[in-house]
Every structure is written in structure tokens, then in C-alpha cells.
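Some structures to go through are shown next.
Shared chain: chain A. Partners: chain B in the first complex, chain C in the second.
Now for the complex of A and B:
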């Protein structure tokens, strides 16, 4: 436990000490802020109406948002293990009495906390909406739940990508490639004609999930899916780290 | 206490270490010597649990490294060959991080940190960012991290590399002090360091132990044969044969044929024999002009060079022939820069 906490706090510190993190933070804030302002501007204009609320639209982002998110995840996680492999700090780390699982979990939780930190400023949007309009809190909570769940999966994929290479660039590309699988799932869902296949694909279609979360639909099967997928990728990461020795 | 049995490590086709066995007991400082690429770092990595051996076994204070990795690793303090540190951390932050990785209690850490910082001469840079430190300071931060948790077994890969002479003396003093009640394994290529520090020496070449003993034993062993080096002007024919006929002479080797045409020979005689007079008489008899006649005592350096002498081009030679003498005039200390060993696949 002590080793896990040590790794976690070191990684968190490394995030907050690195300029890259603030660049990403600034970019994602600019993007979210612009999107939110635009949504509010359109909805408050003439002719808008219906049941749409700004936050509901905000939490059902489009393809470009996902693309941007993939890049952010790849860049945030690429450093985690690849940097230790490259610089050699992996040697004093793995010869101390810690297990691969402790190292992987510590790093993962740090990355995940930073990911949540990136979203924290969007709470301002919620405050603004709460101040100036009627807000249905349920869908907002479920929207954030979706972000947390999907973030957990993405960061786990990212740390796995980082464990596959000494090069951070290669790690980022691998992570990005693995994440585009979720794009593919979404396309496959649209193209599938067989109902059973559509059903199965839908379980993996994170974009559809996010749409539902934004509407306030919380399906526990999806939460189980996120937790188990994250756990699977973390397990792969531990294996990859252990396997480094055996070559 | 470290016990290694039949350690072997292969990287694909290449065998870096072939069946090395040795043990280091408490209170003993064992020095590991060897040229670049001899397998020192690979051996050390297997002992510290960073690399699993292809075959063989390591126990540290009775804990098998493979079956009880955490227990065994807790016993070891390790300074890797390339001291890799987190550049963005401050020295005291890094050391505090290490105490947590090692699972030390807060009280123990509070007690150990200032003591270690003092003994590794780090007071001046305690609050500096590691990325801004010079190589000598980084080396000492690495050493501090290795001894911080008071391990009973210390494994130091090139501990004094990159230090200035004054620091080297201080760190050697520290190592000697640490070695009094601990088990110490040091890899180095600085021979005076071995003679000053180590109780016992292993010379490793091509993944095998080629010699083992106390520095005195190794020197005595080599001093057995007496060696005379001569230079004869003009390289007269038949000189090697004529000298070989001198009673007591065991071998005559050509050291190098210089461009100036002089002949340099290395004449090895049986222990206790002094062939200088006979060599001189032979020269007079044949009318050779002797430009040089020196008796050579073998130092640890000579032994090292002789045992590990190898063709620079021979990538994967058979280790059986490692005894082949190479009578290089070994004035240069064997302290070339050994930086590339860590880049093995």
C-alpha cells in the first residue's frame, strides 16, 4: 500500500510539474468553453426550443470531440511507463520491493486523477446553468458518470500503450490506434444489419453510451463493462512490464 | 550474504553470462572486475532481481530471489551502472520517495534521511532539483538511495564513476565503513579501487569467472613466473630460438614488431629464476645490441590484461582460450569508459 501511494503521489507530482499537462489543460478548457458557449448561444437564439438543454447537448459530443479526447488521452498517458523504460529509472524502481501491480496501479490512478482534473473546470458550466436557468440535476450527474467511466477505460488503454515501447511517441501512436477501435465499433453499429450483432456491438459502443448518459440513462451493465475493460488493460500492462525482463 | 549458483543469461543467440557461481558473506567486500561487455552488469542485474536468469539461482540472506522477490529485494541496496533519477524531483523528495517504496516507517525515514544525506555528502544540494545536478552529485544521490533503507546487502555497479578525486576518497571511505557489517558486491574497472577496498576479487571475462581470490593471492599467483622484457636492435634472425634454449626459460614471445625494425620480446622463466644474466650473455655471444632489458613484476593490471586479453574483433570467441597470453606493455590503467554495457538488448 505504501509503495502504491508512493508511486501515485510521485506520478501526480510529475503531472503537475510538467508543462505539457498545462498545455493540455488549456486546450481542453478552450475547447469545452467554446463548445459550451456556442451551444448556449444557439439555444438562446430565436427558433430554438424543444427539450434540449445546453448540458444535455454538451454531454453528447460529436466525433471531433472524441478524436480530440483520443489525442489528449494518448499524450497524457504516453509518458507513464515509456519514460521510465527510456531513462532507466525502471531499474531502481523494479529492484525495490514493489510489485508490477503496485507500480501500474499507482501510475494509472495518478493519470486518472489528472484526467478528472481536466474535467473539473466544466463544473463552472453547471454552476452557470444552475444560476440562470432551471437545471435537471439527474442527467448532469449521469453525464459526469459517463465521463468518469469512459475516462477510466481510455486511461487504462493509454497506460497499456505506454508499457509497449521505450519511445513515448510510439506509445502515443499505439494508444491512439487502440482507441480508434471505439470509433470502428460506432461505425460497425451503424452498418450492422443483423439485430443480434447490433445488440452486441451496442454494448461496446462508447459513443452511444455517452449519448444515453447525457440523457440521464444509467445502465449498470455499462459500468461493469468499463470496470472490467479497465481491469483487463491494467492486467495486460502488468504483464507487459513483467515481460520486459524476460526478453 | 549473496549466493549465486550457475547463473546463465542468454539474449537470443548471444550468451552474456555462462554459469557464474559465487558467494559473498557478511562483512566481506567482493570486487567484480572485467572488461567492457564481460557480463558484469548482466550478472549484477540478475543478483538484484532486475533480470531473471535464463538458468541458475540467487539467494539473498537465505531468500530466493525468484520465489520471494519482495523479501529478497528488501535486503538489497542497489546502485545501478547508469544512475537514472527523476529529473523533476528535488534530492530530498526523491529520497523520501525511496523510503516509501522500500516500505520504511515514517519514524525510520525521518531518522535515515539526514544521516544518509550527510554520509553521501549531499547537504549542499539537498533542496536542488535533480535535473540540475552534476554527474558526481547524481552518482551520490543514487548511492544515497541505495543505502537509505539500511540494507544488509549492497550491490554497487561502478560506485565512484564520475566523481572527482576528493569525492572518490570520501565515497571509498564510506564504502569501507559500510562493508564492515554488510555484504558488499562492487563492480569496477578501477584496479587501485579493488586493491584498496576489496577482500576478494572475481575477474570475469566473456561471461565466465576466469580468476578468483584475494588481491594478494592473485598477485602472488602471477608473481610466480619471472618476466624479462628486452628490446633487440635490428631484429636478428634466430633470436627467439636462441633465447628459448636458455635453461629455465619457459617461453619467449614477440611483443610487437615495431616499424623501426627492433625486436621486442617477453621472456618468461620458471618461478624464482632470474634469466637476466643469461639473456645478457646470449646477446653478447650472438652480437645483438640490447636496447632494453627490464625485469617485470606482474601487477594486478597485468593479470587482468592477461586473463581478459582478447581480439577487439572477436565477437563471440570460445572462452576456453582466454588464458592466451597477451603481453601488452600495460602501462595504461584499465579504466576506459565503460558506458555502453547498459545498452545490451
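Now for the complex of A and C:
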């Protein structure tokens, strides 16, 4: 446990003391701010009165949301293991009394905490909405739950991508490619005609999941999928790390 | 080598485990609605029907020609809830008209069809134009139409019921006494009420009771809606015979002002005395309740949320939903009523109300000495036990039953004692007679039925009368609507904060961290 905490604290310091992290934070703030501004502008216009709450629109998936998320996740996670492999610091880490699982978990949790930190300022949007309209806290909580779940999966994919190469750029590209797969799954859903295929694709359709969370619907299938997929990728990452140690 | 083999085996074990967890998670799941108003939660009525289904129903959501855009998503989500409520028997699938023309042809999808429900060779259709009601009042100010009511749940549940029930309950509206029509629309018509009946899978007919020697065969409910001419003695005897043998009746009266317009016929169309035989005293008055009057209307227009304890009004009582009555006749329970009658006052006025008996000077609004004082009953439910009788099968039914090897049972499972009792009732005829009387017709008319909780009161009354308590309606929450009342300067302030201040603060922090590290 102490080894895990040591890795976690080391990685958290690396994130929060890196100016790059704040550049990412500024970018994500600008993006979320622009989305929120658009929603506020539309809903305060004379033709307002649609059938969706503002934060549902905010959490509703659209192409740019996903593209932006993929880039952010790839940039946040590319360094995690690839940098250790490149600089050779992985060897002393692996020879110390720390298991692969503890290393992977420590790095993963740190990256995940930073990912959540990036979303924390959006709570200001909720307060702004509360000032001018009635806020239904349930869909807001479920919207954030969706972000947490999808973030957990994406960060796990990202750390796995980082374990596959010594180059951070290659790791980022690999992560981006794997995350794009999740996006194409949602397109495949519209193309599939077979009912079983549709059901399987729907199970993995993160766009649909996020739409549900944004509406205030929490489906246990989504949560099972996020936890199991995150666990699977973390397991693969541990194996990839162990394989490098064995060589 | 051994380690590589171990890693390979670990992957071989992990992947099937992952698939198994997701398969089980996909088979046994729950959907929770976290919205404050329960916007995405099926009503009790729908849940009871859906969870009790024991036959497979495939629900096809039509993409392309049916519900489009915003409504498509709403219907899609709604159907997901139905599937989640009973995944064993309900399956949702989307039919894309552009890509599945053969399937579209098989389902006989017509213009505007949004949803097709299919069970075996039976089908039921929901039209996209019936799915929602929009308010266009803001159109002249350039505002988009706003969704006033999404009626998807009512329609889908009704369609499921249609597939699940083997026999539709039959309702007859009496005619021949100037009753309000249910066949054509109008402020004082009952066409909307009739549509509610039909949505809940009732078969509706009109019946000329004058000269008839029996109530139509297999009638489940007789409705007398605002008669303006008297019933003959022979007709009342016929109705008594029907009710006393376990019949069900709904009587909607009008105020005594209408009696005076009936050229001296009076006596609530001849029904006052007859209703006395069932423990109800009908007053020759109209109710005035200044404490409950509707804003901007006279004190004879009443909005009341005072209800008795009865299944009909239970949902209204629980959620404090008022009902809107207009020019209502008051009633009371007769002290010397028969001992076997179970009488419940459904709707009451406030304490300050009175029954105005001065019909010559109705707008004086002053309580006279002979005027009955509040609280006054505006609606009364009566039930009493009857001897069960075996229902004779018609020749056609016998023939139909013989034609099928295994006649299907009612698809609603009867696990609870109440439901088991319902099933027994179907075989032997009702064991209880039920009668509901309202002193007001207006609350059920096209003009008023959508006001406050009127539609709930009316539909619950139908369903209690025909012993379909599992269909007692619960009001569905209104659709989400949001607009922000911001001034231009407030809007600019918000944009300034979210577009400049918040990203700017992140950059300032970044510079601070960078400078600190350099030091």
C-alpha cells in the first residue's frame, strides 16, 4: 500500500508541478467555456424553451467533444510509462520492492485524479445555471458520473498505450488510435442490421452512454462496462510492464 | 519462456472473464432515473402492466418516417424503459425504413407510423402525430413551439394493453335524454373522455335506453352523461336491474340550474329519487365556494384538493393535485341508506362552501337558511356485494373457443389475491356492483378535462368502475423546459467569466508554477 501511495504521490507532483498540465487545463477551460457560452446564449434568446436542460446539452456528445477528449487523454497519459522506458528509470523502479500492479495503479490513479481536476472548474457552470434557472441536481450528478466512468476507461487505455512504446509521440498516437475505435463503434451502431451485433455495439457505444447520463439516467450496464474495461486495460498494462522486466 | 506462457494464459483467462462479466451485466441490469421529477420513470400503471406480461411483445421503433428528431430520442428512451422493466418479454428494435424496406412492408408501416407493437400475429400501431402536444402561442413573437405534453407512455401502454388483453371492456353511453355527445368534439362534448376510454382499450358504444328491454350484452360500464330530459320509470327499472346484478355505472349530473332549464322536468333528469335508492341524496342546488374559487372566475368555479380515501382519488390525494369543477350540484350520503352499501365521498368542497338553492337569483352568492353548508360532496362512490352469477357464453364465443386448441388466458398474470379475484370474476361475473356519481358534467367535458387533475379523476373512475385498479392513472411529469431570463449585460458577464477569466486563471497558475520551478 505504501509503495502504491509513493508512486501515486510522485506522479501527482509530476502533474501538478508541470506547466504543461496548466496549458491543458486552460485549453479544456476554453473549450468547455465556449460550449457553455453557446448554450447560455441560445437559452437566453427569444426562441428559447427547448426540451432539454442546459447541462444535458453540455454533457451531450458531439464530434468535437470526443475529439477534444481523445487529444487530452493522449497528452495526459503518453508520458506515464513511455518516459520511464525512454529514460531508463523503469529499471530501478522495477527492481525496487514494488510490484507492476502497484506501479500501474499508482500512475493510473494519479492520471485519473488529474483528469477529474480538469473537470472540476465546470462546477462553476452549475452555479451560474442555478442563478438564472432551476437546477435539477440528479442529471448533473449523473452527467459527472458519466465523465468519471468514461474518463476511467480512457485513462486506462492511455496508460496501456504508454506502456507499448518508449516514444511519447508513438504512445500518444497509439492511445488516440485506440480511443478512436470507441468513437467508430458508435458509428457502426447505425450501420449494423443484426440485432445481436447492435446489442453488443450499443453496450460499447459511449456516445449513447453519455447521452443517457446527461439526461439523468444511470444504467448499471454502463458502470459494469467501465469498471471491467478499465480493469482489463490496467491488467494488460501490468503484463506489458512485466514482459519488459522479464527481458 | 515459462513467463511468456503464463502471460499468454493470463490473457486467455482475462478476456473470457471480461466478456462474461459484461454479458451478465448486460442481462441483469437496472436503470435509475436521477431526475428530480422522475421524468424517465414509467408510471406505476405502466410498470404493473409491463411487469405482469407473460407474452412476448416486440416493439419496433420506426426510423425515417415515424417520430423524428427530438421525439425519436424521447420515444427511444421510453421504449428502453419498457424493455428494462420486463426484458424477458419485451424487446425493442429500431427499423430503418431506408435500409429495411422488406421489414417495413411486413409490418405494414403507414404514413406517420412511429411505433409498431407486435405479439404473435397481433399488431398495434402508434402514430407520430399523437405522440406530443405543442404550444404554438409564442409563434407570433418568433418563439419556437414548446412541448406541452409527451404522450408516448400513455399510447405505448395502451397499445401493450391492447395486445395483452383478450377482451376489451365495453362501455355504453346512454342516449335519448339529451345527454352530452361523445362522438363529436366541442366545449361541452365528451369526445376527449371517449378518447381516454379508447386509449385504455375500452370498446365504446352509444345506447338508446328508451324502449330497450335490456342493457346491451356484456356491457361493463353504463355512462349517463348530463341528461337534460327525464328517464322513464321503465328505464330506471332496467338500470336498477343491471346495477343490482353487479353492473357498473357512472352518472354525471349537472347543477339544479339545468333542471330549471328543463321545462319543469327537474329531479336531475329523474335520477334524484333513483339515486336515493343507492344511498345518495342529490341536492337541488349549485355549489358556491368563495374560498376555493378559480382566479378570475365566479365562486361557482371551484378548484378543490379535498378528497376522501378511495382508490380513485388516492393519486390525487398523495400528490395534492386539485380538480376543477364548474356549476356543480352537491350531494350527501343518506342517513337511512341500505346497510350493505359502502359509500365514499370522493371529492369535497371547503368548509365555507354552500349549495345555493335560490335558483331564481343565482348571482346573489349569499347563503340562505335552507342552503346546505360545506363541506359538500361533489362526487360519491358506492359499492355493494351481489350474488355471483355464471356468465352465459355467446354462441360465437363458444365456437371461437372450440376453434382454438388452447384458448389464451388473460396475459396479465394474476399472482396476487386481488388479481386472482379478478380472474375469478371474469368467469362468474362481478361479485360487487359499483356506482359513481358526480354532481358535475363539466369537469369531464372537452373544455375542462385537461384542467388540473380532471383527466386523472375521470380515467381513475373508469378503471375503478370496471375493476381495473391496476390501471389507476398517475400523472406523468411535464416535459423538461428550460429558458434563462438573462439581461444582455448579465449574459455578457457570464461570457466574460467562462471564456476569459476561467481559462486565464489556468494560464496564470501555469506561469506561476513555471516560474517557481525555475527558481
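Following the convention adopted for this analysis, the second predicted complex is superposed on the first by the 245 of 247 C-alpha atoms of A that agree within 3 Å, B and C clash if a C-alpha of one lies under 4 Å from a C-alpha of the other, contacts with A are read in each partner's own complex, and residues count from 1 in each chain.
Criterion: a residue touches a chain if its C-beta (ideal position, glycine included) is under 8 Å from a C-beta of that chain, and two chains touch if they have at least 3 such contacts.
Fair warning: this is a prediction, and the values are worked out from it, not measured in the lab.
> Following the overlay on chain A, give me a clash-or-fit verdict for chain B and chain C.
Result for chain B and chain C: fit.
> Could you tell me if A:177 is touching chain B, chain C, both of them or neither one (first, second, both, neither)?
neither
> Once the shared chain is lined up, is A:187 touching chain B (first), chain C (second), both, or neither of them?
In the superposition, A:187 contacts neither chain B nor chain C.
> In the superposed arrangement, does A:197 touch chain B (first), chain C (second), both or neither?
neither
> Once the two complexes are aligned on chain A, which partner has more residues of chain A within touching range, chain B or chain C?
Partner with more touched residues of chain A: C.
> Could you tell me if A:18 is touching chain B, chain C, both of them or neither one (first, second, both, neither)?
A:18 sits against chain B and chain C alike.
> Contacts for A:89 in the overlay, against chain B (first) and chain C (second): which applies, first, second, both or neither?
first
> Between chain B (first) and chain C (second), which does A:169 come into contact with in this model arrangement: first, second, both, or neither?
Neither partner.
> If you stack the two complexes on chain A, which partner ends up touching A:123: first (chain B), second (chain C), both, or neither?
Neither chain B nor chain C is touched by A:123.
> Between the C-alpha centres of chain B and chain C, what angle is found at the C-alpha centre of chain A, to the nearest 10 degrees?
Given the fit on chain A C-alpha atoms, the answer is 160 degrees.
> Just to confirm the geometry: in the superposition, how small does the C-alpha gap between chain B and chain C get, in angstrom?
8
> Take the contacts of chain A with chain B and those with chain C, and give the residues found in both.
The answer is residues 17-18, 246 of chain A.
> If we count contacts the way the header does, which residues on chain C are in touch with chain A in the complex?
Touching chain A: residues 3-4, 7, 10-11, 14-15, 18, 21-22, 25-26, 29-37, 39-40, 70, 73-74, 77, 93-94, 99-100, 138, 141-144, 146-147, 479-486, 490-491, 494-495, 497-499, 502-507, 509-511, 513-514, 517 of chain C.
> Sort out for me which residues of chain A touch chain C in the complex.
Interface residues on the chain A side: 16-19, 21-23, 25-27, 29-30, 32-34, 36-37, 40-41, 43-44, 46-54, 56, 121, 124-125, 128-129, 132-133, 136-139, 141-142, 193, 195, 198-199, 203, 211-212, 215-221, 224-225, 228-229, 231-232, 235-236, 239, 242-243, 246.
> Provide the residue numbers of chain A that touch chain B in the complex, in ascending order.
Residues 2-3, 5-7, 9-10, 13-14, 17-18, 87-99, 245-247 of chain A touch chain B in their complex.
> Using the touch rule from the top, collect the residues of chain B that touch chain A in their complex.
Going through chain B, the ones touching chain A are 11, 45, 48-52, 69-71, 73-74, 76, 78, 80, 82, 84-86, 88-89, 93, 97-98, 100-103, 142, 145, 342, 345.
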